[in-house]
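The letters A, B and C name the chains in turn, as written, and every chain counts its residues from 1.
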Amino acid sequence: MLFLDETKAIVESLLFVSNEPLSIKQLSEIININPDITQRIVEDLQAEYTKNYHGFHLIEVAEGFLFVTKPEYDLYIQKLFKPQLSTLSHAALETLAIIAYKQPITRSEIELIRGVKVDKIVNTLVEKNLIEELGRKEGPGRPIVYGTTKDFLKYFGLKDLSQLPSLENLKHQEE
Amino acid sequence: MRLENFEGPLDLLLHLIEKNEIDIYDIPIAKITDQYLTYINEAKFLDLDFASEFLVMAATLLAIKAKMLLPKPVKVIDEDEGEDPREELVIRLIEYKQYKEAASILRTREKEMTKVFTRNFDEAQIIKKFGPGNPVENLTVHDLFQTFKVILEKASEPEPIYEISREKISIRECMVNIMEALSVSKKGLVFTDLFPLGTSRLRIIVTFLALLELIKLNRIRFMQSGSFGRIVIFIRDDEE
Amino acid sequence: MLFLDETKAIVESLLFVSNEPLSIKQLSEIININPDITQRIVEDLQAEYTKNYHGFHLIEVAEGFLFVTKPEYDLYIQKLFKPQLSTLSHAALETLAIIAYKQPITRSEIELIRGVKVDKIVNTLVEKNLIEELGRKEGPGRPIVYGTTKDFLKYFGLKDLSQLPSLENLKHQEE
């Protein structure tokens, strides 16, 4: 028989690693203890983590028990993940620039310009809703052609694509 | 122990040194070379790349062995004395051994860490929960334009070309070289002198293939003064 | 200014949701508090979770802090996950050890030490994100130089590279 402190620690470690709610039954079977003891331990843990100085607590959902952060700290958690929301890698920016100016364009045409594979980046840009599939090109393999989205215009504060700084300007700057 | 159980020729050598309880600074090279060659002979090489690594080391060992057996020239210059042909190999073995130790320390740490679990949140899920947000928050249309401008400029530049030097040796060329050397020295050439320390792996292999080819063509012959004695190569006279 | 209990709860909630170690700097910036306070809170949390009845604790690893389960409960967690524990091959470990100590290092420099080709192993280690390209070396062929990543530190539970035993010590052990 395990000591109560140790049993409590085991229950806590299991709840800690699980992304899914764990039931009293599951926990008891894994640890091989009486469900009554498990029940008491889980209630102990619930009471403990309700305390103010804890950032997460143990909630009971339909299927069992799950550690989740307390809702009042959502803003901070959002801040933690936010950098991933907004930053675009330089490679992604390059790819986006090429698509913006050369659309409709296929993946292999982008690769020809950038000199590297762009599969992943194109997928990321689609996920971020900055570009979308416009259709397929006639010709061998009928490759997908990409273009920028409405969200792209919104994010860059453009009314339409004609508002992109023109390449003609670029030429004149050069001369 | 099979050859596949060793990480490479250095690993095999270290094993032999440990098994024989030998002082790494004073390797009985003849003994170790024999044992090393026994392993190689018994091995069935499936992976040619792997095999070539072991063969290169075999050649190195034979070269060291030959150098140590070579009688010291009479007119020996003092500075040359004390130079041990094993030195370079010993330095390599000691360095390799250090990293083997370091690897075993990493293994211990790895084992400890496999007992430890972190929470494994699906970050994509969390991000989704917070809504899409603006993925280009810190960028303006000017950044986009500048980026494209740089791409266009880069595209108009010629690709930089680097010259990569690589030794080019053909078997034919090597055969010619060996024959020329043989025609000059009537007393023949010591086999291991064809592979001085520091000879590139490619050259060792090509030289070896060239020798095999010359034997096949009956252009050269070998003489050895007893087993494990030095091997000397001679031109085969037409009359023979 | 937040009350200390609340700040502690926020730090805890952030450490709880993060898969990656969080540094004092990151935490302080997100919560917008003085790093000294963050440091004190993190030390508090470390002490708290060391206690026997907790199943996980706060370790310092890869230049940050990370909640992980205590190693003594790994058997129970394995029962929950039935995870496939794959460890690195001996060849991979040797190669990693050389890179860890000699970084930045090229592939052919590694081959010189190991006495065998390392192409495949280096690629595998890059895929596993244990090493990364640091750039290119000046000289003929401009070969790529490699170094270890943050994931390397995390994988081996190291705070930073200085925690590796020194090669000098390894040498002396031998003699």
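FYI, a contact is a pair of C-beta atoms (placed from the backbone, for glycine too) under 8 Å apart; a residue touches a chain by one contact, two chains touch by 3 or more.
The structure presented is a predicted model; accordingly, all values stated were derived computationally and were not measured.
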* Which one chain sits nearest the middle, judging by mean Cα positions? -> C
* Could you pull out the chain whose C-alpha mean position is farthest off from that of chain B? => A
* CA centroid of chain B to CA centroid of chain C, Å -> 32
* Structure fact -> CA centroids of chain A and chain B: separation to the nearest Å works out as 45
* To do: Go ahead and note the Å separation of the Cα centroids belonging to chain A and chain C.
  => 22
* Name the residues of chain B that each touch 2 or more other chains. => 117-121, 123, 126
* Would you mind listing the residues of chain C that make contact with two or more other chains? => 16-18, 67, 69-70, 77, 81
* To do: Please give the residue numbers of chain A that touch chain B in the complex, ascending.
  => 13, 16-17, 19, 77-78, 81-82, 84-88, 93-94, 96-98, 100-101, 113-114, 128-130, 155-158, 163-165, 170
* **chain C partner contacts - residues on chain A that touch it in the complex** => 5-6, 8-18, 22, 26, 30-31, 52-56, 67, 69-70, 73, 76-77, 79-80
* Structure fact -> chain B residues touching chain C in their complex are 7-11, 49-50, 53, 57, 92, 94-107, 109-121, 123, 126, 162-165
* To do: Using the touch rule from the top, collect the residues of chain B that touch chain A in their complex.
  => 117-123, 126-127, 130, 132-145, 147-149, 151-152, 155
